[in-house]
Structures are given as structure tokens and as C-alpha cells.
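I've put the structures underneath this note.
Shared between the two complexes below is subunit A, which pairs with subunit B and subunit C, respectively.
Showing the complex of A and B:
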């Protein structure tokens, strides 16, 4: 990546992201007080995934980096998802 | 690859370059990828010796029914420590850490790996993991779970399970960091003109391997931490009494440990793909097919793990899915074998020692691969699961595959690494003795398994006595071969005749620079203008 295209994230953005992550953590804790029955796990995973996405995009700079890195990370998530699905071919059909 | 100006300079090899350090510090503080490769090689030689001795002890115990050398507890501990050492300390790091480190940068035209300090750090982590494994031998006695650390026994046994599991956990970091280093090196540091399709096949195999190291290893790390959590805190992930599931452990363990087989075998295949064209004086047949099959093995190899669990009580859907996937992964492996054989076809074959190792690799690997299909089929696996047949199959693939390729590779690249030649007649003798010993050691286990002899027992029925005697005799022959090979190589590394330039007529970059290479490999970064494996 050439210097001219090097993106610098401002401290303000980092600060806002930090606050957002803390808020989402607070929501994750608060939501456990609500009886969501079978949606409990889905909500927890949704919140955790949102936080992960923000960290990857901003803190880990994927949003501003070359496309190849986004492709690599996407590939990793696809493999991970496939592993989960294949594992559940056991648990779901026992 | 050296300019006229640099030709006139005195060639100082990486072995002579001390960077102002003395004694052992020349090695343990060096960030040169070649020295780090040798650090791994020497560390592994020590561990390999221990592993072989433990293996021999097991074979001596099995020379007759009943207790001969050791009782059941000692036998359980011996096969566990043998497995942990051989798998986690030898065959998983084996070819990537030694030959990947030494050759990858040279073969892609780079001066070093992308992160040299991280590379040295990876070796230190390897040593730390090794020390933890040693610690497990003391105190409450060595672990007795088998190298798989299966739950729930792994968190119930009173033996020293924790240090061994933590050792494997720590070793995983070494593997991850090495994989990361290699991926970045291949993406970022290829010489000008070296496009992906001009890259030699060994770096391609290291690339596929590195992705597995990066993606699969964290899973076993987390799994072993979960076992530690079970032992220390009694959380209950895998404890049925607390609502846990022991099969979850097996899934998590094999999600890593089956791809780990490809961490072992892919670089071995890469080394074979380098040796065969050189000694047949022919361009490798189906370069693209080998590249694609390398990546296909790396990818499909992720999704076959549960064939280790066919008798564990999984759902029927999972059973047939994993059986089909297991058969699928055999296809790219077979493609490679066909490519190697077709490369030999009508080639000008020179039966030097590295070629003999490569040819015997194909023979042994095919037996290992085809017996793998027997175990991948659901019906036959029920009969053969946890028998000596599995041990034979496993050793044909892991020791036969990786071991034969490793010895082929060290005999092939020996002139590059040390700038010396080995004694050819001793090397040939070592190979044939080792080969005969190997087949005699593991061959009878196929028969024993089919007849129903279970694995991991210190005792057996009288009807299994004969083949076990043959097998133990094979172990002694194989170790004789090993002693010949290793003695010859050590002696030659110290005082063998100086190797001529490019003694085998190889075409890759490592054969176009002086041997041993200089600290930075190249005086000038080479520009690649033609595909490799072109023999004039």
C-alpha cells in the first residue's frame, strides 16, 4: 500500500468506537435480564458479531485496507461457518 | 543470481557469518531464517530420538503376550508421550519449520521471511512447549490418555495431563506464528517476475499448509484450555454429569487434528514435487493440477475430521456426510500421485538417493492412502476402528509420508544447507535398511488389525504372537537404518567433501546461488523471467 493511500483514523473516531463498544457490552449484559426464551442466544450472538465487525473494520483497519485482506477475512469466516454447519449435522440429527 | 561485482567478493556463508556473536549465541539470537531452520532441525533430532526410543520400548513390550518390559500403566504412559512428542514436536512442525524456513525465502527470491524476529520467537515458543512436555513426565507420572487427550478421562486421570496439554497449547502458538509469517512472506516478498504460477511447488505447499496452521490451530488451543478448565474449575463442558458432551471434545479436537495431518503431509508432497522433476530431468507434469490439488487438500481436509469418530455415536447424517467428504479428499491426493508418476514417464531417471526416497514415499503413501479409504468407509471402519490396522495406516501416512519425504528432502537439499556432500553408499544402505524395516514393522499391523487385535493394549492373545515378533524385528531393522542415515548425515555435515555447484542439476533459485547461501541469500534480488522446472 502506498503512503498516499494510507488512511489515518482520528482519535475522535477511535473514542466514539470505544464508547459504542462499551454501550453494546452494557446492552449484552442488560439483555440477559429479559426473558427472551429461544431468542436469547441469537440476540447475544448478534450483539457479539456486531462488536466483532466494528473491531475488525475500524480498529483492525479492514475498512481502509486493500481488498485482498477483506477477502481473506471473509474466507476465514466462511470456513468457520462451514465448520459449524458440518458439526451440527451431528447434533441436529441425533 | 550474483552480479559480476559480487562474484569477485569473497563468499561468506550464513554458517560463517556470526554477526559479532560467539558460541551458542550465534544461533539462539540469530534471526536468519536458515539458522532458525537448523535450530528447529537440531531440536527435533533430540525429540525424535526420544520418540523412537519410546516406540521401540512399546514394540519390545509387544514381542510376547503378557508383561515383558512394562505393565499397563507404563505402557499407557509410553504410547501417550510417544504420540505427543512425535505429533506435536516432530511431524507437525517438521517440514514447514525446517525446510520451509530454510528454503521458502530462497525459492521465492527473498532475503528472509517477512518477520525474522517473530520467526525466532516461534522457535523459542517451540522450546517452551517442549519443556512443558518434559515437565509432564515428572510428579504424578506421565499422562496416560493417549495423544488425543480424550474427555472425560483427560480431566479425571490423576496423571500429569495438564503440563502435556499446556505444552501442546503453547506449541500451537509456534505453529500459528510460523504459518502467519509464511503467508505474509509469500504474498509480499516474492521476487519481481515471480507470479503465483511461476512459484515452485514447495512454496505452494507451504502456503496451503500455512493457512491450515493459521485457521485450525487456534481451535485445538481453545479445546485444550477447556480441558484445563474442566480439570481445574470443573466447569462441565465435556462432563455428561453436568450436562456436558464428551463428543463435543472429540469434534473440537479433530477439527484441528485432522487438518493437522495435512500440515504434516502437504509440505512432504511439496518436497517430493521438487525432487522428482530434478531426477527425471523433466518439467513437472500438471503444475497447475498440483497447485490446485494442494489447495483443494488444504480446504477439503477441513471437513473430514469426524471420520475419526465413526463409532462414537454420532448421528447417521453426520456419518455418511463425513464418509463422503473423506472419499472426496482422496481425489486431489491421487491427482498428485498421478502427476508424479507421469513426470517420471519417459524421463531420464537418475536413481540418486533423494529420488529413491521420493519413489519409496509414493509407494508407502499409496498404501497409507488406500488403507485410509478402508477406514473412511463406514462399514469396514466399524470392524477396524481402534485396532492395530489404524496404527499401521496412521504410521504409513504420517511416518511413511512425512518421514520418507523428510529424509528425501534432507538428502536432496543437504548440499544447499551444508555445502557438503554425504557418503552416497552409506546413504543408499541406510535407505534400503530403513525401508525394509519400516514395511516389516508396520505391515504386520494391518493383518493384526483385521484379525481383531486392539490398539493401545500392553497385552494380547496368543494368536497374535507371530506377527508381533515380525513387527518388533522390523522395528530393530528400521532403527538400524535410522542410525546409519543419521550418522552418515552428521559426519558428512562436519567433514564431507565440498559439494560442487548444483550437484543434482536443479532449476529452482536455491540451486542458482552459491551453497551454502550467504546471510542474505542473494547479492541482488533476482528477476524471474521464466517458469521453473525448465530443463535444458
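Showing the complex of A and C:
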């Protein structure tokens, strides 16, 4: 179909993204080894979210694909966030 | 338009194919998402037990498996670049490396699980019965979620294996590589899930 306009991502870009992801993994391992008590969970999840954003954008080509894919993925994550919020509102006010 | 002018176009919709793959990925994300919520709620209810139980897991093995999956994600992403550049040999090498890394991941998982089981830590074990409700929940979720993830690794290997054979037989090439791209998307999903499983089970104690 739209193959002629298909964006070819360079090997170099993928390599640099891998290095970035490995660095973020290293940071999350290091951060969780020191006892930051209640901040540990937040920092670890923030780093995991950053990593997943990078994987979605570059490895899964969302950055280069048609806009509809980005809209759909954003919608699914919003639905998931809403379910988390509703669940914890329930647990917080029991 | 005369009858003789009918020509046989290949019926193919690459964009539709990719859209279908994404819709399937959404169901997978919500399946694991639901399990993450179960984990969060039980962790909230059994904080002390989850804290102690998580210390039983080996961070080193978890980190090695994370690195393996990240590298394999890169190699499979690179394979779609290679096929678009009409480099068949490199495409096959990159898919091959991905499959080998997937196998190494599973071998690590096997030894990790065996270690836990030999210590009497498996669903329904007498050791866990003695440890109490929080540990039963933690290890139940650990085995179920990492197990379901491992099943996805195996399915991904079959998916990418089909891609490998088709590239090899020239049934999949630079102008017709959607199957490989979809296989790649599935593989990245497996990586994506592990990105969250790793901190939740291994890192946060």
C-alpha cells in the first residue's frame, strides 16, 4: 500500500535506542538497590514507563506510523489508567 | 472495461494487517494490565509479606533476562530495516539472533523456576502454606504472570520462526514484509510486558 512512503529507521538509531534502554535499566536496578523506601516504587515505575514509551515510539514505529495508531494507543492507555484510578478509589474509601 | 482486461492483483492490505495486529496487542495489554492491577491491590493489602517474598527473587537473573529481551527487541527491529534494504542475508541473521536470545531467556527462566521449586516455593506447596496468605499470593502471581509471559515468548518464537522461513523461501521480501513487521510488533509487546514485570517482581522489595 503506502510502502513507497514507508520510513526506514537506520541501524544506528536502533543501536542508540538500545544503549539508552540499557542505561535506564541500569539506573532502575541501582536506584532500587539503595533503600529509598516509599519513593522506590514511584521511581521504578517512572523509569519503566519511560522505557515503554521509547519502545512504543521507536521499536514499534509509532513515531513514524500514521497518526491513527498513536491515537488508538493513547486511548487504550487512558482506559487502563481510568480502571486503575477507579480500582484504587474503591480501595481507598472502603 | 473488457473481460480480457481483468488482471490478477494481489489482494493485500498492509495497513489493515498492521491495524489488526495492534488491535490484538491492545487485548494483550489489557489482559496483563488486569493482572498488574490484581498485583497492585494484593501488594497494597499484604505489604510486609510482599516485601519479604520479593527479596527471594534473584535480581541478577532478572537483570540478565531484561538485557536479553532488550537486545532481542533491537535485533528484530533491525530485521525490518534489513528487509526494506533488500538485505536477505542480514534479515535472516537478525531474526536468527532474536530466536536464539528468546531461547536463552527461556533457559534462564527454567533454571530460575527450578531453583524456586526446589526450595519448596511453588503454588500449593507445603512451605508456602506455612508462610501465609501474602506469600501464597506473591508466588501465585509470580508463577502465573512470568509463566503467561513465557508462553508469549514461545508464541513469539513460532511467529518469528514463520517469518524466518518465509524470508528464506523468498515468500517475504522488501515489498511484502508485513508479516515480519507484525511479528516484530508482537515481540516488542513481549518486551514491553517484561519491562513492567521486572521492576514489580524483582526490583521493588
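The working rule: the second predicted complex is superposed on the first by the 92 of 94 C-alpha atoms of A that agree within 3 Å, B and C clash if a C-alpha of one lies under 4 Å from a C-alpha of the other, contacts with A are read in each partner's own complex, and residues count from 1 in each chain.
The rule is simple: a contact is a pair of C-beta atoms (placed from the backbone, for glycine too) under 8 Å apart; a residue touches a chain by one contact, two chains touch by 3 or more.
Remember, it's a predicted structure, so these values are computed and weren't measured experimentally.
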Fit-or-clash call for subunit B and subunit C when the two complexes are aligned on subunit A: clash
Winner by number of subunit A residues touched, once subunit B and subunit C are compared: C
Touched partner set for A:45, first subunit B, second subunit C, both or neither: second
Touched partner set for A:76, first subunit B, second subunit C, both or neither: both
Contacts of A:14 with subunit B and subunit C, given as first, second, both or neither: second
Subunit B versus subunit C as contact partner of A:94, first or second or both or neither: first
Subunit B clash site on subunit C (candidates 80-88, 134-142 or 188-196): 134-142
Touching both subunit C and subunit B, counted on subunit A across the two superposed complexes: 68, 76, 79, 83, 87, 91
Residues of subunit A that touch subunit B when the two form their complex: 68, 76, 79, 82-83, 86-87, 89-94
Complex contact set, residues of subunit A against subunit C: 1-3, 6, 8-11, 14-15, 17-18, 21-22, 25, 28-29, 32-33, 40-41, 44-45, 47-48, 51-52, 55-56, 58-61, 65-66, 68-69, 72-73, 76, 79-80, 83-84, 87-88, 91
Subunit A-touching residues of subunit C, taken from the complex the two chains share: 12-15, 18-19, 22, 26, 29-30, 33, 37, 40-41, 44, 59, 63, 66-67, 70-71, 73-74, 77-78, 80-81, 84-85, 175, 181, 184-185, 188, 191-192, 195-196, 198-199, 203-205
Of all residues in subunit B, those that touch subunit A in their complex: 187, 215, 247, 251, 255, 299, 302-303, 306, 314-318, 321-322
